[in-house]
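Multiple structures are listed underneath, in structure tokens.
Common to both upcoming complexes is chain A, partnered first by chain B, then by chain C.
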Partner chain A sequence: MRPDRGHRQLAVLLAPYLVGLIVLVLAPFAVTLALAFTEYDLIRPPRWTGTANLTALTADPIFRTALVNSLVFGAVAVPLRLLAALGLALLLHRRAPGTSTARTASVLPTAVPEIAYGLLWLWLLNPLYGPISQVLRLGGTNGLTVFGRTPPQWLTDPADARAAIVLMSLFTIGEMFVILLAARRALPPDVYELAALEDATAWDVLRRITLPLIAPVLGLLLIRDAIGSLQFSFVPALVVTDGGPPPYATTYIPLFAYRNAFEYLRYGYAAAATLVMLLLTVAAVALQWRLLRRYGRFHSQ
Partner chain B sequence: MTTLRKLAALLLCALLAGAAGACADGGGDDTDAAGPVRLLVFGAPEELAAYRTLVDAYGKARPGRPVQLVEASDRKDLIARLATSVAGGAPPELFLMNYRFYGQFAVKDAIEPLDERIAASTVIDPADYYPVAMDAFRWQGRQLCLPQNVSSLAVYYNRTLFEKYGVALPKAGWTWNDLLTTATAMTRDARGGIIRGTESEGAAQRPAVHGVGIEPSIIRLAPFVWSNGGEIVDDPARPTRLTLDGPAAREALKNLVDLRLAYGVVPTDEEVESEDDESRFANGRLAMLLSSRRSTTTFRSITGFEWDVAPLPVYRQQVGVLHSDAYCMTRGGSNKPAAWNFLEYAISAEGQRIIAATGRTVPSHIGVSTSPDFLGPAQPPRSAKVFLDAIPTVRALPAVSTWPEIEDVTGGILENALYRGDRLDDVIRELDEQTRPLFARGEYPQ
Partner chain C sequence: MTGTGLELAGVSAAYRQAPVLHELDLRVARGELLVVLGPSGAGKSTLLRVVAGLQPATTGRVLIGGRDVTDLRPGRRNVSMVFQSYALFPHLTALDNITFGLEVRDVPRAAARERAVTAATAVGCAHLLDRRPGQLSGGERQRVALARAMVREPDLFLLDEPLSNLDVELRTETRGELKALHARLGVTTVHVTHDQTEALVLADRLAVLRDGRLEQLGTPDEIWRTPATLFVARFVGSPAMNVVPAGGPLTPEGIPADLPPDRQLGFRPEAVRLGGTGTAAVVERVDVVGEDAYAYLRPDGGPVLTARVPANSRPAAGTTVRVAVGWADVHVFDAAGRRVAGR
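== the complex of A and B ==
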């Protein structure tokens, strides 16, 4: 095949993706960026207001709460999700009875549509009739746990509600699990055989062989999940906790932006909040990128 | 290269076709274009069934004029759908909205004024409708929407349960103290004994039946503040702040939160999250519920007990709060004459009789509201006249474009006051501080 023909074929194959990227991602992004500096209510034409929206955001206590909630969620959920996916991948990478079923079960929640997944958790977390609370009350009396404590108030206590959103996110790790499973299975078996001959403990194998070899994949997934974490809190917060319990315990930036844009018709203000979210994402990725490069240089020396 | 050119041509065609479609949709002229009239509504399944009945009846009465019901999941979904469709240039021709929320569309000139059409109509005479409902949808001197109902807050009660425990039924003229005494007498454990709901927190037994259910919101609080001689805002025409710090308003607010904190006659937040008040009432676990006519369609499916309605309890004077929804026509809708035909039918005596029979509305048409179609004893509530008796005393909440935000903000603060026991001074201060900027940003009908 001649090189120019190959390039042409590549361009044709890439074209649908590029068109999608431009029309569905880059163009809306550019519009959102521009609208962040306007007052726009979706109905009347936008009016240029400069940085007024960004200034107003800094004085908005609800936005500040949403910002802190988003950062805390990312800081807690991302490492836990990565840890859970890694744990499952290491546990299920060998061929053994039941592993296929376990792998399918690990991936399945990711395949459930988000709204259906949220509604399912709404039932699971029901304070009185939900199965999680029922199980926690087993062995206890008068609605208390066996340790004499009140079970978590998933939908009415701010801290417990935040924990519930993190808990929900821990089961949608199918994609990460599949990638880590493939990465683990691709590791050379002779390294592990050598470690076995050296009587290395399981902890040594994990620390000195598996983790360093799998680190580039982990790094990539960490960055990817950090970007996603600012977004995938939206549906659970909308469907399960409705941004509450008050005051705004599970209102994250995407929900804040959604409400302002589509319920209060403050599209320009919501665009400014989205812009802040994007800047945060860029900052988080840049920070992780620096750390990973430093880690890479350290190990290559 | 040919392939690339073909691909580019295909994309261009697709974009042009899309643009042409958008242009055609966004016309919004007064021609009777083809296609059904889209009516955007939301509600419980029983309410949606009521609108389907109306649409079906219209289809039979005016064949060849299709109306398509567009069902939103809730009020917020309806607002989101309406705003995005208006922005996209293809809004539904009609939508149904409460007077508390239409202001944000009215101020943006997204609603078609109906004065000329009303004046030319041979079916609609404004004098046939309750003025309080008509006035709620007047914006800067123009009639923007036409009300389908003129409801107010009432007390739904489980008559069977009251008779079982031998407690006196709620009746006209009863006071807040009577409500409290009744609710306390109706808060029962599983064996039927009276218990204090406050002891249900922690290790003690939960009530099997709670005395009363009330949502912690400004629309539920307002009639009691007014009844006690207070005001919820400083200027009903152009409010700049909430005035719940006045003695009368403060007393009404304190009495409301005491229902949970001091007497435990309303369910806890945990219980409400597990089963909302409407379901709790329908399942026989709530003796009384403060709600509008909207609940009637749902409660008509109750078969296990008899229920009825009573007027709101009184502090100093009988005052109610207006609950009214209206049909509004979008300015950018593509089929306005057909939309007006349906609107005219839905609002006329004929249309209101049909929807009243489903239980959904207290008709805004005076003649229909006093007819057997609404007052007939065939279906509960037996005391439907309670809703009509309240009309002369109902007051509307302030019309301000930022009201949806104000309700959301105050809802969270009042929820914490009722369930978490936040200090009353802090609650009142927070309500004031957090809503002032929203009033300042709002626009008004006059």
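== the complex of A and C ==
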């Protein structure tokens, strides 16, 4: 076989993916990039405005709120999600009665369509008949908790609503769980037997063996989830809290961009917000990459 | 230095319902080096894991230094183990690997370091302490694993085929060092191997295991000169001992007339004499290994016999030679394969 036939075959096989990448990802990205410097409302043709959108964003208090909300959400939700997935993976990596059911249960919420998941939580969080509030009111009187306090007002109090969005995100960790489960199961068993012979405590084993050995996987998941966190706040905020309660307590950047584009028809402005989100993502990845590289140099051979 | 280092009393073990060890009784004197020898699947590693507590004994008791440890967890038995894979922590330097057991037992860092350096010096890996396992060769890893096992001064060393991952040259060298190390430290040691040379060289006493049962326990000399069963006789020695039926084509010189006909006669390849008088046999093949040659001979109507002869007087393949063996070199076994005393 001549070498160029191999190349041609490779090109043919890659073509569908490359077409998809260009049409569905790169082209919209280029359009967004261009729109960010224009004013466009779908009716009149786009008008070049230079950096006016970006300057307007910096002065926009709603955008500033959305930015802070997104950053806080990422900073709180990502470590908690990673911790939850790691905890479940370490708990369920052994073969024992009930573990396969528990593993399935851990992955299942991730498989639920996002909108349905949001609607389900709308019911779970309902202050009157929602199961979560009912459980919290158990043993209390007059609709208060057993400690005599008001249960969290998930949908009406700004801080509680933000917590609700984080809470919702803690159950869609199926992918991370599966990856960590596989990573833990791939670790050599004899190393753990040696630790048992040395009478290492569970804490020592976790700290000195398990965590260092799966650190590369954890690092990868951290980067991936940080990228994702800017996006997966969108559906809960849209469906469950509707960006509220006032003042814009759960308006994150994706929702901000969505509202501006599809409700206020300010496409240029929305594109500029998206651009900021993209830059944030790149910055977050670069920062974590540097940290991981430094750790990696010191950790692996 | 007298007393019992390790005692197994009626120990059985199973792997997923399938029995692996059958009511094993074994005593190892304090300071003794016992080599457990057997083919794959004989239960050697299981024996070690039961002693270490990594696998439960389904029956029987395990005593280390007279202390019943059957129900103690591995960390409370004060044993050290060198795994076949060495089980070094890939993310830790050699030094941190060696001090691991001390640090989890809250020995101060400086003291742990000092003891690690002493142990590393004893096995000759002191210059490797700041490297990680990925940067070490097989032999160097093995030394680090040994140093890690030594550093805690255990009551019992368990070595699970520690030399099997080394190349032949290094294995021979390390074998000698292991022996010297044991002589110096005097810690009771159980060393598992399937390599008979390693077993014969290292052992104070040798336990030959087959299908989870003890075939024979004795000094290397006893195992070699008076194998208790046909299995031991054929398993120890390379090439394996020849076995012929008592009434067969080859009759040893000086065989007693009253020998029951169901006896089996075993003799080592070294005992076979070629030339002169004896039974006629065809030379099927000759393997030359340096100074030695192994001739595979087929007497008329009999099984193939192996003879070890000097390479410079070896017969040519395809020729017919005379084969004889002296009665003094013959081991006699009954029909069930057990040694018959007094020939």
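In this text, the second predicted complex is superposed on the first by the 285 of 301 C-alpha atoms of A that agree within 3 Å, B and C clash if a C-alpha of one lies under 4 Å from a C-alpha of the other, contacts with A are read in each partner's own complex, and residues count from 1 in each chain.
Following the convention adopted for this analysis, contacts are C-beta pairs under 8 Å (C-beta built on N, C-alpha and C of every residue); 3 or more make two chains touch, one makes a residue touch a chain.
Computed from a prediction, not measured in an experiment: that's the story for all the values here.
Superposition of the two complexes onto chain A shows chain B and chain C fitting side by side, with no clash.
Ranking chain B and chain C by residues of chain A touched puts B first.
Shared-chain residue A:247: touches chain B; no touch with chain C.
Of the two partner chains, neither chain B nor chain C is touched by A:58.
In the superposed pair of complexes, A:194 makes contact with chain C only, with no contact to chain B. By the touch criterion stated above, A:265 is placed in contact with chain B alone, chain C being left untouched. Shared-chain residue A:129: touches chain B; no touch with chain C. In the superposition on chain A, A:144 makes contact with chain B only, while chain C stays out of contact range. Put simply, chain B and chain C get as close as 43 Å, counting only Cα atoms, in the superposed view.
For chain B in complex with chain A, the touching residues are 1, 3-4, 7, 11, 76, 79-80, 83-84, 86-87, 104-105, 108-110, 202-206, 269-271, 273-275, 402, 404-405, 408, 411-413, 415-416, 419, 434. Considering their complex, residues 52-54, 73-77, 79-81, 83, 85, 87-92, 100-101, 103-105, 132, 134-135, 152 of chain C touch chain A. Within the complex formed with chain C, the chain A residues making contact are 188, 190-191, 193-201, 204, 208-209, 212-213, 299-301. Those residues of chain A whose C-beta lies close enough to touch chain B in the complex are 8, 11-12, 15, 19, 41-44, 61, 126-130, 141-144, 150, 153, 155-156, 244-248, 259, 262-265.
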